[in-house]
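Look for subunit A in each of the two complexes below; its partner is subunit B in the first and subunit C in the second.
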Partner chain A sequence: MPQNENTASMIESFDQVKDTLPGAWLLDTRSNAIRSFEAQGYPTPRTEEWKYTNLNRLAREGFHPASDIGSPDVSDWSDLRVNGASRIVILNGRYDAAASDIGEMPDGISIAPLSDAMEDIAPDLEGQLAQIAPFDGGGLVALNTAFMRDGVILKLADGVQIARPVQVLHLVDAGGVALAVHPRTLVVAGDNSTATIVETFAGGVDTAYWTNAVTEIKVGRNASVSHVKRQAESVRAYHTALTQVRLDCDARYRSIALATGAALSRNETRVAFDGSGAEASLAGGALLRGRQHADNTTEADHTVPYTNSKQVFRNVLDDGSHSVFQGSVIVRQGAQKTDSSQSNRNLLLSAGAQAYSKPELQIFADDVKCAHGATTGDLNKDALFYLQSRGITTSQATLLLIEAFIAEIFDELPEGPVGDHLADAVSAWMEGAV
Partner chain B sequence: MSLLSVKDLHVSVDGKQILNGIDLEIGEGETHAVMGPNGSGKSTLSYVLSGREGYDVTQGEILFKGENVLDMEPHERAGAGIYLAFQYPVEIPGVSNLTFLKTAVNAVRAARGLDELDAINFLKFAREKGEILEMKDELLKRPVNVGFSGGEKKRNEIFQMAMLEPTLAILDETDSGLDIDALRIVSEGVNKLRASDRSMIVITHYQRLLDHIVPDFVHVLAKGKFVAQGGKELALELEKDGYAKFGIEDDADQAA
Partner chain C sequence: MAPPAETAPVFEEAAKREYKYGFVTDIDSEFAPKGLDEEIVRFISAKKDEPEWLLEWRLTAYRHWLTMQEPKWAFVKYPEIDFQDAYYYAAPKSDEDKPQSLDEVDPKLLETYEKLGIPLAEQAVLAGVAVDAVFDSVSVATTFKEKLTEAGVVFCPISEAVQTHPELVKKYLGTVVPYTDNFYATLNSAVFSDGTFVYVPKGVRCPMELSTYFRINAANTGQFERTLIVADEGSYVSYLEGCTAPMRDENQLHAAVVELIALGDAEIKYSTVQNWYPGDENGKGGIYNFVTKRGVCRGSNSKISWTQVETGSAVTWKYPSCILEGDNTVGEFYSVAITNNYQQADTGTKMIHLGKNTKSTIISKGISAGKGQNTYRGLVKALAGADGARNFTQCDSLLIGDECGAHTVPYIEVANPGAQVEHEATTSKISEDQLFYCQQRGLDPEEAVSLIVNGFCKEVLKELPMEFAVEAQKLLGVTLEGSVG
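The block that comes next holds the complex of A and B.
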């Protein structure tokens, strides 16, 4: 849908910065991507997939592509570090070597900032970068492909296990500049390999900015990738993200994505099953207040027999905040014995809060299990009184019930620092809760 | 001075009058039974004492240790020493019994000017009190009342009472839904918790419970008013003659 001047200003920006973007070999891809963006435009509510999340304000903001923004102090965000993790910091869309700490990696693991990788190991990336999530998949992934400048590439050879989690810490603090960053992460896990990746997003509150992230993950045969995302962007920020996953035979992918930040966020997770025996568990949700809007959109595309998908999403909404859950499960002809479940529950703490929930099941095979359920409600008054009658204050009782409500999304969360990272997100939100 | 003093209490729910002038004086260490048929207002009395929302006191007063209870939030009443054992204990998925109890115990301790218990001392305290009710450790780890049998739920209520050490315990139909063994464990637990500084209101439909927990006083409630009051022998009269003697129809008698 070719639109308006909003699209034009982005194309203009592209023409200005394209020669400064890393990886000359990618220029054709980038140019094709921006043309694709020109054709697709920003998503609008006229498309079913974007019915509940309107990017109109974002499109009008006039964000600038990442360029040299100086070096703000990142120590303010040190409590966002996952203890013991290999850490890559992407500051204002660029790799920050000083703040990063990749550490020693065993043989068979290659981890690098994407900007370096695009320059140095181009042949290796060709045929992988922008393949799992192709740019014709939507206006936003097209924009990211055109502008992608930095991020992380993580590759695991067959049979390699990374004991330490890998954390990518995305920080934006561009002073008065309305910055748009388009980070890209590529994870390629070889057969029988294991990795845990943590993506954390945060930013300064001085000005509005836009994070438009794309994460591509390929999980090899019988390999296992755990993916934790903590979205704690500034309350003035826009956050749009696509995670596209491809699973080979017997591969396992587990993700937990928790949002407490951003004025408006859209977290899209799409999983394609390429091999039998693969399983995906997608969990997440948002804790929101004020006028925040958070959208979790998922897709589990079962194309082969004997694959499992499980989706558990919980939203807690205070004040006038809005949540969206759109969960799609596609079971294609021939994807017999698919076992999929989906559950979305929303807790409204205020009369002004709203939750939109849209399960979407498309089933073309006949021997499958597909369960789904969605509920939206207030705090259970009986439970609240029960707790109060035991001496627990209303605010403490409310916190206990909120924690209990969201507990299920953490069922598969590993204990230790990665678990603490998300628990911290919950307590940070709670501290502002009552 | 009475521990609890209820004077001319009128309560309505959704505009419907349920209690029509209750007077009740409870001294320290006394156990009072409140008996009555279904719909007589027994549970309303327990909820209004513990502060549940939706119960409008249209007339009268409740004083506890000389303080106006009606000005207090439910958690403040608990801190002051009022405890309600629920007729239907609430299931709270996702909150473990231990987390719940630790939060509750430390909340009432704080309200009573006592130090918080740390994790080790809390566990010791919980084990000690758990023995009184024959509570299995496993029940402590489960979410509050989730997957508990009817008897386990009622035991959990009395266990919480042991933990929270109230000065006034209200037992709302604690005997309902219990088989004879569970009734024995629960009532023995209650009896162990009787003390000279702990008063109880035992609300029940049936005399059966009062064979185990013998009250000092019995009040018969009908249509929101006490229609008879006396000693423990009054309960036996009720058992023999039924509520009809007091001009009360009891649909549950026919059902039983």
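The block that comes next holds the complex of A and C.
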């Protein structure tokens, strides 16, 4: 990738802010990361992994991390709170203590804003931060590593269960500044521990901005992590996110990621199986309209025997929106008895909508069960007719069918406030559809 | 998975068996000098006594090729190809004076065909097949010409068609696969040696299956066939392509281009059995098969059907495609691809739906054994105008042994809400139970595997014309020899 103006200006901006970033011990890593970005550049559709998502406009917008942008009022977003959850608010890329409410945490749990942790418990972080998602994994993770300023670190000691979900609320309201934020979340779940993490992204509609998030999750032996993501960024925003997960023996990871926001979004989830008996369930999708573009890219990398992965993705597309699903399952040599499935379905509601689907299998072991399926089409005419014949209007019937269609990604969703959080996202989108 | 102890020696012995069709016929070839430049392109064109426009086309393609990069995206690995270290033209000596009947054909050539099991005269009579056998680059014998002429069907080497039907060749050549298409197709456009030309006139049902046997013979000669089949309105033609190649050490490049054009209400059925030398059990040698095959359903209600059985070649890179331009057109792709030892295959299809109510079916069966790598890569694209388009895709992979790989990379791009596109794929292995059951009925392990694999491929094999189906079934067994684990 040749160096160009856009990458050059990003490097310049790094030189300006690097001394103000937290954690002096990280400076070498950050410098290496920006050099890696210099070499890799922004991803382009010329690379297979970015075939369907073009970041050209994003690169040209010239988003930059800003030094300090006051503290706008965040009460407008109070309905994005998950009831009863511990809440950490990251506003414009920085921890907002006033809006956050971590509450009491039992022993064995450490939860802190990343900016504090990078200063206070540096030795603790050194072997963990930026290890699960190394910066040479792509231009965007390199940028995040170079610029990461805040986010959350959550650590669970062995055997600890957190009853309350932990919500990280990422908000951007930069008032006229073309802001880039690079939040980083690190979750380390000890053996036999359990946690639920909710990441919510939203922002003000006045200006375009860019959220470039990286989330690293390590799940210990027989531990269980549920990960819910609601992406409700402003329709002018760009959202790129990488979640990288490592699973130890018998670990369980469940994720549900629903996107309704952003002009262009890319949600990338990569799971590596380090121990036998581990299970990953990745679900997600997007509800889109206008000229929105949403990309869900996944990778389940089975390196050891007896691991399971399941992927379920659903997209609903109205107007001239585009959806992308690139799912990949890799079964390495020796990873016998892998059981994996992949399902992607896309619902096209309008003549201008386009769905791209690429469910990929790479299999190097013979004693495995791997299947995938993908369909694209419009609403089932018979189902629609059936509902109408029961006295339901066309528009109501359509909404009902859309709801049922998207609900397939919620199979693994726990009841309660976390479930409501995503259901709210669906109904908010539906209201716009009526 | 290790083979059961008591059966292991059988497999080892079978694995050492040599390539059945490996032999070299000693014939003086007339070579163009090694390497590639404009002079060579001119030399090839002059050799064929081509008109000016074709030479210009070749040169334009060559100049464009110089600006192109070799594609790297396929799941295949092979040593860098030195395009200057190969011959681009070789003709059997008898080229200057083309034989008028079989008696005049170089007896050594005939011997080659006999070893291949296709004695021309016999096959032509028994099977009712017209054989246009391409030996290296120049066609040596064409049979049943009169019968075809009677029906008005043109079936001849493309070099001959350039002389006898220049208007048809000029009208259609490069319209489906333009010279700018891809690295290997562009190379082919510059240096194509010979190939087949078929034209079926309006409303004619071709009275027999047309068939060409290709065979690469001269050492270090890349073969660059160019096939062009045009089915005019309301016509039907079934074309068979099959090949075997002699054993040798150096890799040989094969970059063919096949163009099919089906006008309104026409139907083209194109069947391939590919059994080129795949390299030895250590992955040494073997053919590089980088082929561009594409058909266009230009008029409404036309149909193109591809059936392929890919068992040979060290590296295969091939995506027979259909562009469904007219309304109500149909595209089909049936494929069996087998990789054993160190073979690699990256193959699949592209179905591009442009017209209304266009339909396509893709059935792909991939079998990997030994250290073979088998990839299905396919594109299904429904454009905004393709109202009511319909696609069904099924890709099944079968793994034999724990060192091989089976990969599936479908690309599904839909821009019309009225289109219905479905894709499904499974991956499995031959189960112990199935093997045990067959063995317990008295089959030896290899017969059992062959039986199970044939069952797995049945949906595809039944699409092949009879003569081919028999050959293909045998081929599956031969290819998998020594692979059971």
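We adopt the following convention: the second predicted complex is superposed on the first by the 432 of 434 C-alpha atoms of A that agree within 3 Å, B and C clash if a C-alpha of one lies under 4 Å from a C-alpha of the other, contacts with A are read in each partner's own complex, and residues count from 1 in each chain.
By definition in this document, contacts are C-beta pairs under 8 Å (C-beta built on N, C-alpha and C of every residue); 3 or more make two chains touch, one makes a residue touch a chain.
Predicted model only: the values in this text are computed from it and were never measured.
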Side-by-side fit of subunit B and subunit C on subunit A, or clash: fit
Partner, of subunit C and subunit B, that touches more residues belonging to subunit A: C
Partner chain in contact with A:404 - subunit B first, subunit C second, else both or neither: first
Touched partner set for A:388, first subunit B, second subunit C, both or neither: first
Touching partner for A:396 - first (subunit B), second (subunit C), both, neither: first
Touching partner for A:98 - first (subunit B), second (subunit C), both, neither: neither
Shortest CA-CA distance in Å separating subunit B from subunit C in the superposed model: 15
Those residues of subunit A which subunit B touches in one complex and subunit C touches in the other: none
Contacting residues of subunit B [partner subunit A, same complex]: 50-53, 73-75, 77-79, 83-84, 86, 89-95, 99-100, 103-104, 107-108, 111, 143-144, 160, 164
Contacting residues of subunit A [partner subunit C, same complex]: 48, 333-334, 336, 346, 348-378
Touching residues on subunit C, where the partner in the complex is subunit A: 1, 73, 75, 384, 397, 399-429, 485
Touching residues on subunit A, where the partner in the complex is subunit B: 380-383, 385-394, 396-397, 400-401, 403-405, 407-408
